[in-house]
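First the structure, in the form of structure tokens, and then the observations on it.
As written, the chains take the letters A, B and C, and residue 1 is the first residue of each chain.
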Amino acid sequence: MATEDVRYRQSSQYRLWSFSPSKLASMRETTNALARASISERMLASNSLPASNNPSAPTSGVNTPEPDGATPTPTPTLPEFLTPAEELMLVTLYTSELLRAGEHMGLTDEITSTAAALFRRFYITNSIMTYPPKDMIVVSLFFGCKAEGTFPSVDHFVKALHKKGPEEILAGEFLLCQSVRFALDVKHPFRALKGATMELRRYGDIEQSRIEEAERHAREILRFSPHMTDAYFHYTPSQIMLAALSLADRGLAERLIQATFHYVAPSTSNDSDTPMANSDVGTKEARREAKAGEDQAAIIGSYVRDKVLGTIEACRDMLSKELPDRKDHWSSIAVFKVQFRPTTRKLTKCHDPDRWDLVALQRRRREQVMDKADSEDGDPEARAGTGTAAKATVDSDAAVFGGALEPRDNKRRKVLDDPFGGPL
Amino acid sequence: MSRKPIANARGPASGSTTSAALPGLSSDDMCPVCKTIRYLNKDMEFLIHPDCYHFMCSNCVNRIFNDGPNQCPYAGCHRTLRRKGFRTPFFGDLTVEREVDIRRRVAAVFNQHEEDFRTLRDYNNYLGMVEDLTFELVSGTDAQRSSAEAQLQQWEAEHKADIERNRKAGREADEASRRRIAAERDAARQRRIDAIKEAEEEKLERARTREAELDTLASAPEGQRPGGGVQLKRRVQVNRAVEAAAAATTNAAGVPGGGVAGAQPPMITKLSIQGLKEKRKPPAPEGPYDPFGGMDFVPSRYKLHDGLVHPDVDKYRFDLAHATGGYSFDDYRARAMFEAFAGLGVFIEDEKEVGSGLSASEVAAMSAGIAAVGDKMELD
Amino acid sequence: MTASPFAVDALRQASGAAPSSTGNGNISSSSSTQRPGPGSATLDLVEQMNEDEKKKYVKGKKLGEGTYANVYLGHARHDPSLLVAIKKIKVQKEYRDGMAPDAVRELTHLQELRHPNIISLLSAFSSKDQNLNLVLEFLPLGDLEMLIRDVDRVRYGAPDIKAWMGMLTRAVWFCHDNYVLHRDIKPNNLLIAADGEVKLADFGLARGFADPGQRMTANVITRWYRPPELLYGARHYSGAVDVWSVGTVFAELIIRTPYLPGDNDIEMVRLISRAIGTPTEDNWPGVTKLREYTIPIEVTPVADKATYMNRFGSVGPEGVDLLMRTLILDPRKRITAREMLEHKWWRTDPRPSRKEDLPRKSGGEEKVAADLKRRPGVVDEEGKAKVARKLDFGGALGGGK
């Protein structure tokens, strides 16, 4: 087994975040279906209660009327949900926004690319109807820095992206981390590109400027195109890199691949030249076997080479659909109005009433925790004895002293001060 | 231990064909050599020599053999004995003593265990053979005895290594079980201590929470919830598998299977053991120490040549900060090259589609093909 | 984490039984709708996956507690004999920028590094209170520091040292081979498994190798084990920093006391000068230009082999040779982890002890918990005067780490 591939297969990118196209599609469909089901439920649930009694139905930043909630219609109609295709389109749209934001902030290619990869991974396991993409862009960029070993201050981000406050960024951080199954090391093709050009330079018979031009061009592609497609899920970084290089300068890419998978057929004349050719039968047998083995290897070798070529070609096709010249398309207002706005409008009506506001969601979750007397997790069964007793005390105290909104903050602070620690 | 003789039947204990009944120590009042009686020497001790199992008092032993080897004083026994061969017998009946000694010797040589044999029948046959040999040694005629003795010697000489191995294995097994028992005892003790400690802590904790609750109830401002930070201990049954069990396992080593072949002098019939399991190789003498533990990575698709340069990289080469701090450009180069080629032969569409595309073995075969190819090619 | 098409399984599960009750009170769903009863809790795919992951492990008794994390003993639900350590990361008050760097780093790197001498990350999930829980393999026999310091009851010799050094070196080599710097190597972070294998733990300060031009922080590695280039504030460095740490651990294994226990950076430089040699332009070109270089008061020449043999001779001349190479002042000349493994010391007598034969000590549970829960970069010195300062991780964007 090729040693490089063995190593690559150890990576979390391969193990957890590489899929065949059909599998990826089915995952997206399932996420979509799940989201529809749960959002429907929540909407229906919130319908059954008057709006005032339901503090946990926040409205999103985009002002929209409560979806079918306020008016007590006998048969509440559910909004129209996004289809998986529409979801994917929006994810791509927002990915381009993310890339732009990263560039605007002056983040490195690695950081921006990691953020884009995390963003796209996020929206495999989550639906864009559940969690707001605009917020997740910021979270991804912030967390992308961390994943790449740079730990920025959240204030810096707040300032650079004109956010209201740190909670908006921090609220979604853990969610993102969780959604990507804690696989934070994203492998990119940028260094691979450097390696490839180093190798090309070494051949010595290629013009320097040609290599430089190809690298520059390929790099431009790699910053944009793979993220605007599903390339990271279906191809390895080296394949993506070679595809980009191929788009930049087909000849160079092919030269590299040929050199790597070059197979020299053993010339049959060699055998007869050697003095061994005349020796006893045993050796001839051995040689015949060896030759058969070589032929076998040759067949397999060229088979793999062709397969690699085919894979890179396929990746190239994928990337060519979203070359950097498409940036304008994605950022154009005119295009937005025609192509995307209908869908984003749809989204405002069908998004998850509970989860859309990340900050509120976070706060609510924290409060859930503190309602439970036990901040530790453990076997629910084992909890029976002592847990309920303490809980009963707590509840009775609440009954006696009453609960108010304000003290909650005190409580939260108190818990944080508590040596036993508290929630995030 | 008292040296009172075990009163038992004098004369031949078993096997009426015993050549000579050994006089037992029951006549412990008198030393047959010097005729001293116990009355005269209260603490008279008797010693025997395993060559002939003739007993005599220690005074005689000293007297006769102190200056060197000498003939056994018993009439008709012409064996040359040495002082150091004498020892105190365990059994009063010297026939038993002799038999036990013989058995001990045989067992030291024939020390296979049941696990070494393929079937129970084979093991029983082996035991039977050993017993026959022993019987001959113990109760055979002179001729039988000497031939059996010769067989024993020969066997021992030929299978020294295996015998040693079995012996060691037996020792290790004992050692292991001893250690295991000690460890289990320790663990049990520790567990008991821990349990007591936890119980006490639990009590303290409960007292503390009660105190805390009382305090807060007495003094709590409105709305504050008491006991928010109290942590309650959780006792979950954790499987207390004793990991301290000693690691040593018995290495039941193999023995050359089948019979022993070869040309032999016709007088000694060859002993053979049937039905031994295939020889399990003893733990290989640890091979050359592999420094990388088998996990080294060697590039197969490229070579790290010296001439790998890149302007973006090289502009830092002369930056003192990089150089002095020890930054390694070689590492960077290696990494860039690795990433350029890693995963090139990984076909996700096939590998990540369960049940279709190439199977794992096919992929392996293909990649093996590449590796084979890789050797042949030389990057020019 | 398992590589199974886990997501797909969860998908099938969740989608198969449409709005299904989860029973164990999923917070978001059960609270968001104030309508009680079943059917209100369809979990997100990620929530479902998290629950599944969490359910795989049963958390047991607390092994230790600290400001950084709590550590619990646990076991796999399907196999109670498979013990795990569940490290629950706490919120740090001082760090107001979300998830702490330590947690992020551990997650990032442990997910990628699989090696017998590196602690295994089995899983990760979030608890109900949104805290990160890392499920690590359980290493019950304490850490190397315990063995080193217990001079009275623990005896070990050259073969044992060789075995431990072999394990440590392999771990470090593997990190470097995967382009990861550990940056916190010390006896505390070398945990011992039940079978005697030593494993490198605590990747809270780790990071990938930097690209040329990328600045890193010099404020890493616990002071006593920190190499001179970091003490002089170098922002561009390599695996040589880890190798130096390995060297100091090597020395400590031999003399059974920390080799260079300085109270602050200045004293560290002084100790290094005296014990190993003063860095000069001769033995380390360019050193005087490093950011925090200070002109030494006295200049000691680099110690020769005889000096080392005097103090460390118990590992033999080849062992001393290896030790000296790890403590070369100029990081460019210092031996690399790979070269360490190729050194002839491993092949000379005595052979390294087999791991079953290595000395061990009981009572490791508490110590391991202490190690796992400790903040990286801090020396644990109960009852001793020397206390290493806590490291400061502050750094705005662009400052680089």
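Following the convention adopted for this analysis, contacts are C-beta pairs under 8 Å (C-beta built on N, C-alpha and C of every residue); 3 or more make two chains touch, one makes a residue touch a chain.
Nothing here was measured: the structure is a model prediction, and the numbers come from that model.
The touch graph of the protein chains shown is complete. If each chain is reduced to the average of its C-alpha atoms, the one that sits nearest the average of all protein C-alpha atoms is C. Note: centroid distance chain B to chain C, computed from Cα atoms, is 36 Å.
Chain A and chain B, compared by their mean Cα positions, are separated by 53 Å. Remark: chain A and chain C have CA centroids separated by 28 Å (rounded to whole angstrom). Residue positions 233-236, 297, 312-313, 335 of chain B each touch two or more of the other chains. Chain contacts: chain C has residues 5, 58-59, 211 touching two or more partner chains. Chain A has residues 7, 23, 191, 375, 378-379, 419-420 in contact with two or more other chains. On chain C, the positions that touch chain B within their shared complex are 5, 58-62, 73, 75, 80-81, 83, 115-117, 140, 166, 170, 173-174, 176-177, 179, 194-195, 209-213, 229, 234-241, 284-287, 289-290, 330-332, 334, 341-342, 346-347, 351-352, 356, 362. Only residues 186, 190, 233-236, 238-239, 241, 243-244, 247-248, 286, 288-289, 291-293, 295-297, 312-313, 315-316, 319-329, 331-332, 335, 354 of chain B touch chain C when the two sit together in their complex.
By the touch criterion given at the top, residues 209, 213, 217, 220, 222-236, 297-302, 305, 307-313, 333, 335-353, 357, 364-374, 376-377, 379 of chain B touch chain A in their complex. Per the touch definition, chain C reaches chain A in the complex via residues 1, 3, 5-8, 11-12, 14-15, 18-19, 24, 27-29, 31-35, 39-40, 42-46, 49-50, 54, 58-59, 65, 67, 70, 90-91, 93, 96-99, 101, 104-105, 107-109, 111-112, 114, 124-133, 178, 207-208, 211, 393, 395-398, 400-401.
Chain A meets chain B in the complex at residues 1-5, 7-9, 14, 18-23, 187, 189, 191-199, 201-202, 212, 233-239, 241-242, 259-264, 266, 293-294, 296-301, 303-304, 307-308, 311, 370, 373-376, 378-379, 382-383, 386-387, 390, 393-394, 397-398, 401-404, 406-407, 410-411, 414-415, 418-420.
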